[in-house]
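See structure below.
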Amino acid sequence: MSAALLIEQLLNGLQLGVMLFLIAAGLTLIFGVMGLINLAHGSLYMIGAFACAAVAAATGSFWLGLAASLAAAAAAGALMEIAIIRRLYERDHLDQVLATFALILILSEGTRWLFGSFPLYLDIPPILQGAVPLPGGGQYQLYRLAIIGVGIVVAVGLYLLISRTRLGMRIRAGESDREMIAALGVDIRTLYTVVFALGAALAGLAGAMVGALQSVQVGMGEPALILAFVVIVIGGIGSIKGALVGAILVGVVDTMGRFLLPKLLALTMPASQANLVGAALASMLIYIVMALILALRPRGLFAGQA
Amino acid sequence: MALSRETLISALLVALLVAIPLLATAAGEPFYVTLATRIAILALAAVGLNIALGLGGLVSFGHAAFFGLGGYVAGIFATHAFNAEPLPFGFTATTAMPVIWLGAMALCGLAALPIGAISLRTSGVYFIMITLAFAQMIYYFAVSWPSYGGEDGLSIYVRNSFPGLNTAQPLPYFLLCLGVLVAGLVLFQLIKGSRFGAALEASRQNPTRLAAVGITPFGIRLVAFAVSAMVTGLAGALFADLNRFVSPSMLSWHMSGELIVLIILGGKGRLFGPVAGAMVYVLFEYALGGVTERWQFFLGLILLGVVLFARGGLLGLLAGKARHG
Amino acid sequence: MRTILTASLLALSMTAAGVAQADPVKIGVITTLSGGGAGLGVDTRDAFTLAIKKAGETDVELVIEDDAQKPELAVQIAEKMIQSDKVDLMTGIIWSNLAMAVVPNTVAQDVIYLSPNAGPSALAGANCHKNYFNVAYQNDNFHEAMGQYANQDYKNTFILAPNYPAGKDSLTGFKRYYKGELAGELYTQVGQTDYAAEIAQIRASGADSVFFFLPGGMGIAFMKQYAQSGVGLPVLGPSFSFSQDVLPAIGDAALGVKNSASWSKDLDNEANKEFVEAFQAEYGRLPSIYAAQSWDTANLILSALAKASVKDKDAFRAALREADFKSVRGEFTFNANQHPIQNIYVREVVKEGDVLTNKIIGTAFEKHGDAYVEQCKM
């Protein structure tokens, strides 16, 4: 095993983590501000991917598709918030789980109704094709580096938004004391709609970018949703910083587990068996890590006020 | 008044659940017996979850783990007995359901203790997610472990037996499952009315006060979690025998989600909530599936309607005010 | 009796005349019509109904239901079809794990099941059954063909598949015929969508080719990421990841990939031309291999119906075993375990105008059976 391969795998883990961060950021933001468990977050991710693929196919431009994914997911999010989600803030988590579970069913089948049963095509834009050389002799794909870049920009952007802007101030106020900011005359209903749409747009952005790497199909949101939940729970629900750390931890652990576990086990057992057992362990690894972290820190790594 | 109305409606539900299979058998339509059996088993699984969720406020998003483990006990016993092989740890394989049920409950209880002990350190959404994490571990283990079929699952070629009953026939098997469901409901009611139940209720509403009188909520919750897991595991064993098949999909997070849905749909914490929920859910799934391939879309709309407009679930809607406490 | 039935199938007027034996034949079709895997089920259903329609068959009644790719739901539907609809025959299931859930109990209740796609090894060997007919393939077949084909050009192949029974069967099947070295062997997670870690290992392994089996969305994701990574080694695989239903989603990344199948749209025989034309005319898209297998299943049933009553199980099974129908795959016969003996072809992904599709470039096996037939005591 060369150093170049190791570096490449670490980058792969980082990139997977950044991708998870983009999905998880919206989820944790929505939970932190509104106290809402949104199982339909994965559906917003799917909507982003479908919007990007459809617009890119019609216009030939990935970038127009990317814009469309942001718009479609934000619009779908705002619509959902106004029509349904708004009625759930005062309910307990169970009602939220049931309602958003129902939304998954509706959005999945609705998407299939619109786009048909076959997966859609979406490729990475020409300008981001190809690879760049790495120190140590390896090379790394440009598009994946771009995803890491987008993740960093979003993380910094969210940090600035929340700590430096009026909207951010209201979000922070909303997290700590709901009645108070309503009393201060802030229109809390609009604030919630804006936050929900922002979270949805982030999910849509992630869906569009991932869609170029994977298959754009109905049901793609569910595995992403589960991983996003793992991430925000590890990080501490409601904490953007926690989501970032949790996402990168999950990305790196998952990638390195798939890469290294079979090799480690091969030292103690025959290679073909090590492959099987290693793969089985690797698929359980992030959940084991999550259980360990929660056993030691029951409110995640960076517990918010939630 | 509200209570008696709930009792009335509950009685009606049970009467319906018993009457339909009897009528169907008389009419030579055994499939409806199978459908009713499915309702009874899913209701039992949800009754199990309701002990943790409804009484103890412990929202487990991982109860599919116990449902599936129970199913695998039935499947593994049947397979070993069919092939006349001994079980691991020196147990003898048998197709006798009482033994299998005990095995399923013992395994689920044993699994629930460490899972519960770790999970109960957390609360709220963290509890929801850590139970999911444990279920996912078991799910991936089952998918990739080759001995018992992995993702392909395990077929039970002949339904396991119960002394004095022909379980291969739909009606006797339904009555057996109904009997177990009733036992589960009685257990739920006993727990609810007992001092343990009162302490569990208190641990949900006011853990600090409970601690002040010298009871640790942790122990009570852990016991409730384990009992809940055992009941759900028993339902899993019955479910595997109903389908004559067990596979990792019984362990998937969808299954955990469905169990929660059954409870909320029927009415959380109510004795007959899971029964009402299971009836409505299974019947809608069946009826809509026959009408349109878009059935999941309409099922979603119905669930959404219930949660938005029928607070307290269907029983809450029908029986009026939410229960006290 | 036989003449009466044949006559009633040929002419609707006979049923109108009230021949007692001419009950309509009821066929239950359980397939996946919702969720991520719906495309395969839709092709299966569409080809099946079209074949029945083309034959002008009015005495065949279809009961079609969606299993949502859930084994428990498939079991429930199967029970309903047997007990309530009282179907004579069943077919339609796409996935091995659903077939394993449904088939053993269906055939035990003396209902004949014809598999249009899945062929798990468990049902081909010791647990074969007189009521179970596989019209598609045994699961190992296409992988074996790729192993055989790889011997021509490659000596150091990297192989990967998901970590579940069909994945293990796949790599076992490949290795059964492949004689070269393995540059690496990997099992991936079921439902995995990111393959960067695996592709990095392929790049570092010094392999001269890659063989993979990743059905559904997994294969689309792998192929796109593999092409984007620029590793550029030749790719081999079974046809599932290069079938007409997924090719548009992979795009040009699939061009040039060699894949194995029992059927291709350019296979030169009358039945196939008729099928491809009819399917395209009716649905406005090219048929996939799932459509082809389902079309064959329907025609096999029709051929048997012309010879025997479906109520006379022994005669009907015998008629099915003769496989006296015009298969779109050319020559088709049943093995002792009622699995196909057929040619397995190697195809290459090409572009015809704007449309990605496959063309046959060789034959890996002629009249190929499966490795489990010996274990079947029927």
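Order as written gives the chain letters A, B and C; numbering starts at 1 within each chain.
Just so it is clear, a residue touches a chain if its C-beta (ideal position, glycine included) is under 8 Å from a C-beta of that chain, and two chains touch if they have at least 3 such contacts.
Just so we're on the same page, UniProt names per chain: A, B = Branched-chain amino acid transport system permease protein; C = Branched-chain amino acid transport system substrate-binding protein.
Since the structure is predicted, the reported quantities are computational estimates derived from the model, not experimental observations.
Q: Does B-C or A-B have the larger number of C-beta pairs in contact?
A: Between A-B and B-C, contacts are more numerous in A-B.
Q: From chain B, which chain is the farthest off, judged by mean CA positions?
A: Most distant chain from chain B: C.
Q: Using CA atom averages as chain centres, what separation in Å is found between chain B and chain C?
A: 36
Q: Just curious, how far off is chain B from chain A if you go by their C-alpha centres, in Å?
A: About 32 Å, centre to centre.
Q: Which chain A residues sit where two or more other chains touch them?
A: In chain A, 108-109, 276, 279-280, 283 touch at least two other chains.
Q: Out of chain C, which residues touch more than one other chain, so two or more?
A: Residues 33-35, 163, 168, 187, 189-190 of chain C touch two or more partner chains.
Q: Using the touch definition from the top, which residues of chain B touch two or more other chains?
A: Within chain B, the residues that touch at least two other chains are 140, 143-144, 146, 294, 296.
Q: Once bound in the complex, which stretches of chain B touch chain A?
A: Result: residues 53, 59, 61, 118-119, 121-126, 128-130, 132-134, 136-137, 140-141, 143-146, 253, 257, 260-261, 264-265, 268, 294, 296-297, 299-304, 306-308, 311 of chain B touch chain A.
Q: Going by the contact rule set out above, which residues of chain A touch chain B in the complex?
A: Going by the criterion above, the answer is residues 31, 37, 39, 84, 87-88, 91, 93-95, 97-99, 101-106, 108-110, 113, 226, 229-230, 233, 237, 276, 279-280, 283-284, 287-288, 290-291, 294-295, 298-300, 306.
Q: Where on chain C is chain A touching in the complex?
A: Per the stated touch rule, the residues are 33-36, 38-39, 41-42, 163, 168, 185-191, 193-194, 196-198, 200-201, 204, 216-218, 220-221, 224-225, 228-230, 245-246, 248-251, 253.
Q: Residue numbers of chain C touching chain B in their complex, please.
A: Touching chain B: residues 33-35, 65-66, 68, 70-73, 75-77, 79-80, 82-84, 96-97, 100-101, 104-105, 108, 120, 122, 163-166, 168, 187, 189-190 of chain C.
Q: Applying the document's contact rule, which stretches of chain A touch chain C when the two form their complex?
A: 1-2, 4-5, 8-9, 12-13, 15-16, 19, 108-109, 112, 117-121, 123-124, 129-131, 139, 141, 143-144, 210, 212-220, 223, 255, 258-259, 262, 271-272, 275-276, 278-280, 282-283
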